[in-house]
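These notes open a run of structures that come right after.
Two complexes are shown next, each including chain A; its partner changes from chain B in the first to chain C in the second.
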Partner chain A sequence: MATTASVSHSVAETTKRQERSLWGDAMRRLLRNKAAMFSIGIILFLVLVAIFAPVLAPHNPVTQTSQNSLRLPMWITDSNPSRTGKPEHILGTDAIGRDIFSQLIYGSRVSLVVGIVPVIITSVIGITIGLISGYMGGPIDNLLMRFTEIVYAFPDLLFVIIVTTAFRDTWFGSVFNGLFLIFFALSLTGWVGLARLVRGQVLSLKEKEFIEAARALGVPIWKILFSHIFPNTLAPIIVSIAFAIPGYAISEATLTFLGVGMRPSVDPNNPLPTSWGVMLQDGYTNINSNPWMILFPALCVAMLTVAFTFLGDGLRDALDPRDT
Partner chain B sequence: MDLHNWRKAFSQILLVMFALPILAACGGSTPATPTDAPAAAPTEAPAAAEPTAAPVAEEPTEAPAEEPSEATGTDASSSEKPGILRMNVGAEPDNWDPQKASFVSEIRWIMLNYQALMSFDKDMNPIPGQAESVEVSSDGKVYTFKLRPDSKYSDGSPLTAANFEYAWKRLADPEVAGEYQFIGCGIIEGFSEYAVTTCSGADAEELASMDLEALREGVGVKALDDLTLEIRLVNPAPYFLSMAALWIGVPVREQDVANGEDWYRDVENYIGNGPFKMVSHDEGSSVIWERNEYYTGPLGPVKLDGIEMAMIVDSAVAFQAYKNGELDVLGLAAEDLAAVQADPVLSQQMVKVDGSCAFYIGFNTNIPPFDNIGVRQAFAQAFDREAWVRDVDQGLGSPTQSLIPPGFPGYQPDLQPYPFDPAAAQAKLAEAGYPGGEGLPPIKLTFSSTPRNKVRFEWVANQIKQNLNIDVTLDPVDPTAYTAISKENPPQMFYLGWCADYPDPQDFLTVVFKTGGISAGRTGYSSAEFDALVDQADIELDQEKRMELYAQAQEILVKDAPVVFISNDGGFLLVQPYVTGMAEDDLSTLDYIPGFFNLPNVEVR
Partner chain C sequence: MGTYILRRILWCIPVLVSVGLITFIISRATPGGPFDTDPSRPGLSAGAVQRLQKQFGLDLPLWRQFTRYMFFDIETNTDPKTGVTSRTFVCGAMCGNFGPTYASRGSRTVQDAIFSSNGSKPSKFYYSARLGIQAVVLALLVAIPLGVTAALRQNSWIDYLVLAFSTTLAGVPSLILGLLLVILFASWLGLVPVRPDWDKPIQPWILPTLALAIGMIAFLTRLVRNSVLEVKRQDFVRTANAKGLRERIIIIRHILRNALLPIVTVLGPMVASVITGTLFIERVFNVPGMGGLLVESIGKRDYSMILGGALIYTFILVICTLIVDVLYGVIDPRISLK
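The block that comes next holds the complex of A and B.
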């Protein structure tokens, strides 16, 4: 409990062995977890791919080439010369001759961005509401929690579909090919779980002696909340965030697959031209003629999801104070 | 976010990891009704027929195919149900009341259940149907139909000319006001006066003040005796015999219609004089037809014992059913063509079908920049139609620069004023006042949001970007919303189509592009010159002169470019080897089911 050291460690007895902080312990446990480390590797890899997409992609993902439709991956030979695999298109092409490998590379951008941006927004909302609600108690708590429960009761995917459908024709519905609207819609319902989690933590923490001491010393409320209580709730928050990211990435794929997600774009300079969800949808349409088209984006989505899930698992084990 | 969300996330992972590939394995394209030789149908709207979509633009969309060999799990020599033709019709139709229907899927049922006065032969010429013979007066304005003497309904009750009189008057009834009511306006005597809401846009209030009974009597359709029906026209209409072969005037019985607005939904009420009778209808699931033993028309004697129609919306599932031998005939989708061609068994079961439709990109000519004819012409020249057919339609269909498709009277193979030429297109755009596309307002291309359409319009936007350097925003909208939008409040650019009802230029030029016509209304196109030409041609009796007038009209239409004509359809059916009577030569582009006009020779062994 590094940040509260000034209060709790001032009377600590000196020990011979080197001091071990909770975060240090957690880090050690995490490093020992092979699955989690492997996941971090995959995530870093995807982040690099997303950043360096223009360098890595052999083609522009929106460039259409004629007489090059539904080409199979390069290792497949077909009797039809216009469909047989070609080294220029490692994973083949889609229905209008766009390179699938390049689309996959660019698609990683959307999946990561859509995984991370809503998480940031929901974390800010969820943590703030949770902290205030838990610490203030009384009517404020009552009000905020009832509101949270109302939002919690919405079937979220349905709600997101309604919001995206309703707003897609407005100006902010077309910002970033409609991605902004997806962020917005996902964030609207996504914060409730976190708010309840944080509130629960705060309820137990605020009765602790060090908080009482802080209050007795006249520390202002906002400082108690953010410097003393918040750091102690971080562990479960981090775990829940790690689990939330793949959820959002999948929501994007689901929405786009259902036709209410990203808008298609043919602008060769668009930094976010396509997503794995878009590719799943395209692949599903052409599944009989080129089944590979749906396989690759499906594998990528699965890889991203599994990586974040293992990382979340690893973090939970690592941050659990009972397991020392 | 904790456990609850973790579980949710996990279930979603499972969904994507397992469910998707599995569902996908039985894969799919846009759900759609089968192609079966695009039945003569009113057609306006998005290609890639959406299940819900508007007056159909049926498109060769259906039935995928899969991996080679061992594909057909059936014994190729005989059907599991000999004598029964099994086919898929896609989604449940909305309304198969003959005087109200307009979708291909609805008309299919009507034409199986009823026989019109006339019918078509395989070459689209009108031939006598329930009428045994027809006489046309020398001025071309009075048609006298003689019914077949032993005419009966499928329940054995007699069919008389009075039944036809009732049906034609019902077509004109302003209280029925079906989608196809417009077709009689200005053609049949007294029709426009009675069908006032459709023909002259009267509102309900005006209607209430009219003596409808008298107006009904004024409609020029009259049963002279039990077997003789006289129809009097306002002007000579050389295509009237073809109109008499349509579903619009089939003899519904007054006693059936009296059972309420949804009378046709009850099989007991749906009694007709067609080659088949509907014996059961399981909504959203199946329709069973039996041969009508009392049928006397030109499509008999029918060899088939019956027809079983499945309503499989997911074309991938339908394809699987075909491969399992549960369906005898199926339309083939463009996206699955490659797979079928690669399969040694299935590729032998492909039967080519000619199309009857034209597809085009429409402009709203009332709002900038498409109120400028130069801009429209520039766009017309900026499309590589060959590439469209090759890449987007996978070679099904053919490129076109005019409305009337090949094989139909009035087709002008030499009418090609807009060869693909980006440089010329850019020059034209500059001439129109937008050099290099500068100064153009933002352009939005609106389309019905289906996966198949998305690819099509990405292609279109890419053409405009590449060839004119104009950025077009793609605007996918919900399929149902699209129908409403394109009717009420047309967007800047959108996709339309029209399929033949009968083989006459009037059905294309007048019906679709005369001021207020089906596509003219949506694009805001109105040309006095064009209207005058088609009005004159519609009533011209000299066939040669008539075609000449239509040709001039089509040239004006193409020059004015309210729409950019892109392609004609065409496609393939998959037909099981034990089905006879559905070879390429047996099919007509007007077929309501595959081989409809060859019904006496259709057999399932």
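The block that comes next holds the complex of A and C.
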């Protein structure tokens, strides 16, 4: 008891933590996983970069400078003096003289926001529907399952592309430079997988004795769902969220690369002026003259997705040690 | 078994109809039509627009536009000279007729644009299908031996190398892999042109196939390795060893047959990811395939092309999943299909 008490002082939710020694075990396993810890470090680093972008960026990512286009990174010397790298532009400049390094710093914001916002929306929808459908069964469940089968059959990226192109010219297609539309399109289909996962968990859980006991005691249904069943489905939900975040971030990059995603801002005061997807698209058009322009955003996207994949792997191993 | 397959095939029909309906609603809900007379697209008078709208059935009520497209329609035509009405039966998408593309102003059908060869060049479908099949085959050919080797020599340096390679690359999206391949082999090493020449026989195919395959290789290798490790510990393998069977026979007959089963289950989702993967890989490598055609037609609001493309993609996906599911039951008789 003495040890649990001393631990409980450090965590905020005292009563909840004490019951779940499973989470403590999982945490310890995660802390021992070097790859996962390293990826957490990278993710924290990216989050800090995104928050402190205005402090870190040496230039405004939107401001154009003339006589300064397609400059190579600072360590490259080109026969053409106007393209030789300058120390002011560490990673060079793009076709209209904007600083690549500053754009990369600001771009991290969009990737993280696009990773996280749809995940929150789809988690709320998916978990609620999964819980209800799994617990209630019957026609609601049947309808949901038929619906998920249809969504599964529809190539999801294709669906998102159709939605984003279709509504691009409407009023809400330009909210937050088109980011709102991306959230919307990604959330439309994204909840389905999670709903299915939760439903499967609920189906096996609702036959367990502790649920039967709760029901016998007359606990209301919503309370059974959210305080008895839901905490027991958390482990697979957390793992699937860790894999979903990079999935959404790469969807943004892909959509923007195809020309149906985010539109870059020309407002120097916009907090979300550009994204790595925008930079990929820009870089692709200038790939012959300056391949560096596309290399850096590509590496950043790769870093983000690999970090989250390692974290997801680590979480899975930590939360479900049987499956290694 | 027979009833299972039949039921699965019948279930495809509502799926395809729903996908058609969803796409139809979205494409019609958008502002702007394919024959809008706006200043940036000159050359269409109001009369021409009206004629085209009539030709494509855009003047019909919405529900009839959909049923006409998806199933069939009976057109009533009155000959202006004789006054005789004639009825013609037009079969829609269910007969493989996806209607004329709007971009061609009606001179070319969607199925023509996708499946017919264009002069001496192969069809759009050929490029996409070949790219996808090549990538899957390459992934299987590399991943299975790699995964098996790693598992049989667990904790050796080969195993660690394979694991490090596969865990890292499994996280890199194929779009990024494709772009990195272009930068490395085209821009820096100059081994291939940045915009490949698709008339050449082999050279243009190498990079896009690799870009699609590498992610799958990484994912499959890990799967095969884990699966072999699990089977290796089973009692029947120990029995086979005790019987004095040759190592090779144990690996092929006892371990592989059982270890490869999980691969069949992931083939379905994998084919799906390849299908959507071709959408942007085609863009990266300028592949003249149906992905590029579709993305282009979405921008042009070519309704029939969008609907047709979505339906064809979904159809391929549904068929692939069906084949995989049935295959699974055939390979593993322990699984009863119901």
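One rule holds for everything that comes next: the second predicted complex is superposed on the first by the 300 of 324 C-alpha atoms of A that agree within 3 Å, B and C clash if a C-alpha of one lies under 4 Å from a C-alpha of the other, contacts with A are read in each partner's own complex, and residues count from 1 in each chain.
FYI, a residue touches a chain if its C-beta (ideal position, glycine included) is under 8 Å from a C-beta of that chain, and two chains touch if they have at least 3 such contacts.
Please read these numbers as outputs of a predicted model, since none were measured by experiment.
Shared-chain residue A:149: touches chain C; no touch with chain B.
When the two structures are aligned on the shared chain, A:69 is found in touch with chain B, with no touch to chain C. Once the two complexes are laid over each other on the shared chain, residue contacts for A:207 go to neither chain B nor chain C. Touch counts on chain A: comparing chain C and chain B, the chain ahead is B.
In the overlay built on the shared chain, the residue A:165 is in contact with chain B and with chain C. Looking at the shared chain after the overlay, A:35 reaches chain C, while chain B stays out of its contact range. Residue contacts after overlaying the shared chain place A:282 against chain B, while chain C stays out of touching range.
Once chain A of one complex is fitted onto chain A of the other, the partner contacts of A:259 extend to both chain B and chain C.
Under the contact criterion defined above, the residues of chain A that touch both chain B in one complex and chain C in the other are 165, 169, 246, 250, 253-254, 259, 280, 284, 287-288, 291, 294-295, 298, 301-302, 305-306, 309.
Per the touch definition, chain A reaches chain C in the complex via residues 35, 146, 149-150, 153-159, 161-163, 165-167, 169-170, 246, 250, 253-254, 257-260, 280, 284, 287-288, 291, 294-295, 298, 301-302, 305-310, 313. The touching residues of chain B, when paired with chain A in their complex, are 1-2, 4-6, 8-10, 12-13, 15-17, 20-21, 24-25, 27-30, 64-66, 316, 319, 335-339, 341-342, 384, 387, 390-392, 394, 449-452, 454-455, 457-459, 461-462, 465, 471-478. Taken together, the chain A residues at the contact with chain B in this complex read 62, 64, 66-70, 78-80, 83, 94-97, 122, 126, 165, 169, 174, 190, 193-194, 197, 236, 239-241, 243-244, 246-247, 250-251, 253-254, 259, 263-267, 280-291, 294-295, 298, 301-302, 305-306, 309, 312.
Interface residues of chain C, counted against chain A in their complex, comprise 11, 14-15, 18-19, 22-23, 26-27, 29-32, 167-168, 170-173, 175-176, 179-180, 182-183, 187-188, 194, 272, 275-276, 279-280, 283-284, 294-295, 298-299, 306, 309-310, 313-314, 317-318, 321.
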